[in-house]
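In what follows, chain A forms one complex with chain B and a second complex with chain C.
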Partner chain A sequence: MSVARAARLTPYMFLAPAALVLAVALFYPICYMIYASFLDWNPSQRIGEAEFVGLRNYIKLFGDPNFRESLWVTLKFAGIVVTLEMFIGVGLALLLDRNIRGMSVLRTLFILPMMIAPIVVGLMWRYMYHPTVGIFNKTLTNLGFDTIPWLSDGNWAFASVIIADVWQWTPFIFILSLAALQSLPSSAIEASKIDGATGWQQIIYIKLPLMLPVLIVTLLLRLIDSFKVLEVILVMTNGGPGLSTEILSLRINRTASEFRELGEAAAMSNLLLIVLLILTFAMFIYNKAQDARAARLRAVEEEA
Partner chain B sequence: MTSHTTKVWSAAAAVALTFTAGAALANPYAEYEGTTLVVNFPAHPHYNAAIEVLDQFTEQTGIEVEVDQLQYLKMRERQTLELTKDEGDYDLIAYVVFSKADYVYADQLENLAKYFMNPKLADPNYDQADLIDGYVQNIGVAGGQKGYLPGQLGSAFGIPFGSETSVLAYRKDIFEKHGIDVPMNYDQLLDAACKIPEVEPGMGGMASRAASGHQASHAFLLHLAPLGGRVFDDNWEPIINNEAGVAAAEALKTIVDCGPEGSTTFGPAEAAAAFKQGQAAMFMDSIAFAAGFEDPSQSTVAGKVGYALHPEGVRRGSQTGGFGIAIPKNAQNKEAAFLLMQWLTSKEGDLAVAMAGGNPSRFSTYENAELNAKYPYSATFGEALKYADPDWRPIIPTWGKINADIGTTLSQVLTEGLDIQEALDGVAERARATMDEAGYYTWQ
Partner chain C sequence: MSGPSNKTYDKQNPAFYALLVALVLMAVGPIYLMLVTSLKLNVDIMSDTSRLFFMPTLRNYETALCDFLWYEPEHIRRCDPTFGRALTNSLIIGLISTAITLVIGTMAAYALVRFRFMGRDVVSIWTLMMRMVPPAVLLVPVFGIWTFQFGIDGSRGGIILVYVALNLPFVIWILQSFIVQVPIQLEEAARMDGAGPFQVFFLVVLPLIKPGIAAASIFTFRVAWNEFLLANALSDRNSRTVPVTIVNSLTEFDIDWGVIMATGMLLAIPPIIFTFVASRQIITGMTAGAVKG
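For the complex of A and B:
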């Protein structure tokens, strides 16, 4: 082998171990799942014993009103949750972006909910929502109001899981927005002050536009995450009452363990994966566009 | 040095004794002494009691037992994976009754015939006739009528251990205070359920499970059998939406509407807790909860609870459920596992477990005076078993899916006011499609 050729191969040799790990740890399971989605596979069978049924699982899914309902619940949940979290998280960041004494302690307190294990969050909220001994209904009764069927009425249950999720994940948006705010160029803000911008004007015309790249990435990350939420809802309502809180990941879980249809569960997971891939792709394209725009601006500056 | 000599001497004495005894009575366990069995049990009061008596087994036989205990639905998931391996880790498993269909159909459990035919293993004093027949048919036998019911060609794959039926628990003090009779039939039951919140403000009539999914389905089926209904007819056609089905769903809705606050999210543990905390005057579910009601450390109603038979609809039909024990096909110590299984369900083992708080699997245990003195309700439970209905729910591989559909649809009836007839028609239609796909109509 010539020296030149060896030199050309060197980088690939260094890359090989990583590629191997990637293939084993990432592509193998995904291919396995894609293959499984074409099978009529019961958990008591080995994968080799399962019958190949082609696209039947997918066709069945689209004809299944429960699956469509669950997809709709997921979209609704993700949409509402992420919107609320963005507004509250960014709002809090704007409020707390200043020098207050004990700020670091406050910040740590704010991100506590995010650090609690999801199962624990679910249990905590479930007990707080308890119809008779839960803190919410107890307080309402003590104040002389009617109690609220937090988890036992479809609409309230949906609202209840949203409240819990907002409580847990707003800090994530808060902490990222705060970091973005604090890294904004002070020159732009000072310039706007000199031009006489009010606080609101500063936020709307200077801070938010400058934060936008970070906010969009945060939004997409949260959106992807909210499509996969499982434990909190599993513990709080297990999808009920009816199908009112049965998000897709919960349905996948039930299809695999309760209905014992691994093929169908794999097909659902693949559909969820496709939705998430589209979102991730959107994020990727956005980043690319941003980079291109920055490069263009730089080029214009240099020319000038 | 002295202690060493003593040990040697006592060992020699033990050996001598074993041989002398051997002449009169051979030790059937000798061959398996020192074996360690791995068993998989659910976290359940009955199995907690069983674990307490395992030491006695080890002492008698020299067979060690290692227990892997899991929540019962998790246990089922673990077993599903475990049983497909070439060499399994479990020598003996406890299984939920509806797993019988899956495991036997996938040929993963040992047929028990060859063990009971082996004179070296089978204890001649075992007395099979004393085992509660409803439980044996429901939990242990497969291959009879419809594949899961009693029938001439069925045979046993497991033995009931930790089996349950349903009884009505009621507050004696409340019933007496308002002059309400203990319900004997469904009309009286539903009347009482809705009268109690009127006369005893803040208290619900009956605490029932009703949470979306398996729980709501279970609660519905509990009323379906006594009211004369079935999920399928003899040709596997769904008849869940006939008059009896509608009556059962109406009964469930009445009970939940007149029940304690938040009933629609209750699982069995929450319903039992509501009864224990005095939030409901009745509780109709598995006998396994009774021990908890009578324990003053966790119940405010201990001593105030009466027990009656599951009320009669057009017939008597209390539930059959709970667990059985079986030997996996891929177990590594099958014979020793059989010895443990036989010991646990023998008259001696069954009584020991029952005295520690478990649920008996034998008629003789229910009649035992010592047990009745310790747990006064045992006699009522023994009586209830005579009416236990092995066909109150079908145990077939497609059941998981149909069960979940019944449960979510009924939850919509209970919380969203979905029309009962419409709901059950939908269930029947979807159930038929599931059954069709699984090949149940091949012969029609």
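For the complex of A and C:
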């Protein structure tokens, strides 16, 4: 047992536990899922007993109007939610990027919605949307207006779910854009001030372009996360009424536990994973391109 | 904008402060409403009037926690231990999975940074990819494997294993950025003095990356504490966590809002405390991915 050999083995010893857990509980299940998506499998069978059916699950999915509806709801939800949150979040960051007392308290309060369990967020909003005891309808009644069927009408339910998500996740974009704003080079902003740029001109020509790299990464991160939303909607509407709020991850859960079609659920999971994979690669490649550009600029500067 | 000093503050116009107050109300309002509801009797919740004035009561909390009380509240006819048991499970699962994730996560992050046998690019793309896997995607395979191959469904250990795997990529990723900043000279000095690799790691490196560990442990604990979907699929009557019991009690027709808000509040309290104690670390953890690139 030589010292040199021990030293050579050290990195592997440090890595082994993590690698083992990841292999057993993350890689293996994902491979398993890809395989299971080609099977006709219900929860009472061992996977060996399930029949291999090739691409039948996928063909069935794309012929299924309910699945297409759910896919459409997911894309609509992600698109609307991310757009709204980007506008509000970046807008607030530009507005609040000032030297004011209590900014850190404000930021602390803003992260609360993200830290609380999604289940609890769903609970709070379900209570507020309650047809009779909820605060929204109570206020409407007191002011003499008609009540709104927040969660019992398809279109309203979709809007309600979006409002809850915007409440929960806008702070994420706000905090990231604020951090980006505060790390901007002050020289550029000073220079534009001296040249007589107005507040709006500073924002449009200086701040936003300089923030763009961070904004794009933020957008992609939020987009990826918006496909993961599940608990808030599960508690608020459970996908209903009808299919109006049944996003993909909710449908996976229902297909697996209610309809007991594990193969189909696996095929759906697979499709969701592919979408997210594409988004993640987009983000990685964008990051690489940014780094390369920064390196090129530095090289040019050194030459000059 | 206004120089390096932190002591002076710019004067703003009153509309600006009005906006700030409105934002704070919007952010905290729903949480406050939940707290107030949890302190009300159902009579008060259902009534149309008396919105501002009511007698706050701890009855809903007594109902939820009746298992742990040393006295017997008179308003409870039969104590339902479901929630008390779930709280114990949640605490055990949260704490153990956090501890395990951190120990093996720091070790892996250290090896990846210091021994450099894989490119950082390779590692970061893998951790990114693993980070984006939604729990819903793991639902089917984890249920199948845990039930039929490992035989650990329905146990706390099974749930802990998923949570460790789910959190590891993020923990490794975030700790890497802290370990890179530890000066290698310190470690070399320790090695000169005869410390082995494990001693160097535990006695020299670990104390220096405490802030990173704090951020990572808060994120890890929060995921394990808040997660519903996988816990729901893997737990049985005895290993249910708090989110699972909350959702289960929602499916009944007659919702007892007072008690359910009390349980929701209890579930929300630990993350709220973390937020107030360590908001700086949390923000560091959140921005690490995007702002540094």
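Throughout what follows, the second predicted complex is superposed on the first by the 278 of 304 C-alpha atoms of A that agree within 3 Å, B and C clash if a C-alpha of one lies under 4 Å from a C-alpha of the other, contacts with A are read in each partner's own complex, and residues count from 1 in each chain.
Everything below uses one rule, namely that a contact is a pair of C-beta atoms (placed from the backbone, for glycine too) under 8 Å apart; a residue touches a chain by one contact, two chains touch by 3 or more.
In this text the structure is predicted, and so the values were computed from the model without any measurement.
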item: Which superposed partner A:S192 touches (first chain B, second chain C, both, neither); value: neither
item: Which of chain B and chain C A:W167 touches, first, second, both or neither; value: second
item: Residue contacts on chain A - larger count, chain B or chain C; value: C
item: Touched partner set for A:Q202, first chain B, second chain C, both or neither; value: neither
item: Which superposed partner A:L262 touches (first chain B, second chain C, both, neither); value: second
item: Which superposed partner A:G240 touches (first chain B, second chain C, both, neither); value: first
item: First (chain B), second (chain C), both or neither touched by A:R46; value: both
item: First, second, both or neither for A:R254, with chain B first and chain C second; value: first
item: Chain B and chain C footprints on chain A, overlapping residues; value: 43, 46, 132, 257
item: Sites on chain A touched by chain C in the complex; value: 7, 10-12, 14-15, 17-19, 21-22, 24-26, 28-30, 32-33, 36, 41, 43, 46-47, 92, 95-101, 104, 106-113, 115-121, 123-125, 127-128, 132-133, 135, 138, 141, 167, 171-172, 175-176, 179-180, 183, 186, 189, 213-214, 217-218, 221, 224, 227-228, 230-231, 234-235, 248-250, 252-253, 256-257, 262, 265-266, 269, 272-273, 276-277, 279-280, 283-284, 287, 290-291
item: Complex contacts: residues of chain C adjacent to chain A; value: 1-2, 8-10, 12, 19-20, 23-24, 26-28, 30-31, 33-34, 37, 45-46, 48, 51, 103-105, 107-108, 110-112, 114-115, 117, 124-125, 128-130, 132-145, 148, 161-162, 164-166, 168-169, 172, 197, 201, 222, 225-226, 228-229, 233, 243, 246-247, 250, 257, 260-261, 264, 267-268, 271-272, 274-276, 279-280, 282-283, 286-287, 289-291, 293
item: Chain B - residues contacting chain A, complex; value: 73, 77, 80-81, 83-84, 102-103, 105-106, 108, 211-214, 260-265, 279, 397, 400-401, 403-405, 408-409, 411-412, 414-416, 418
item: Chain B contact footprint on chain A (complex, rising order); value: 42-46, 66, 130-132, 147, 149, 151-154, 237-244, 246, 254, 257-261
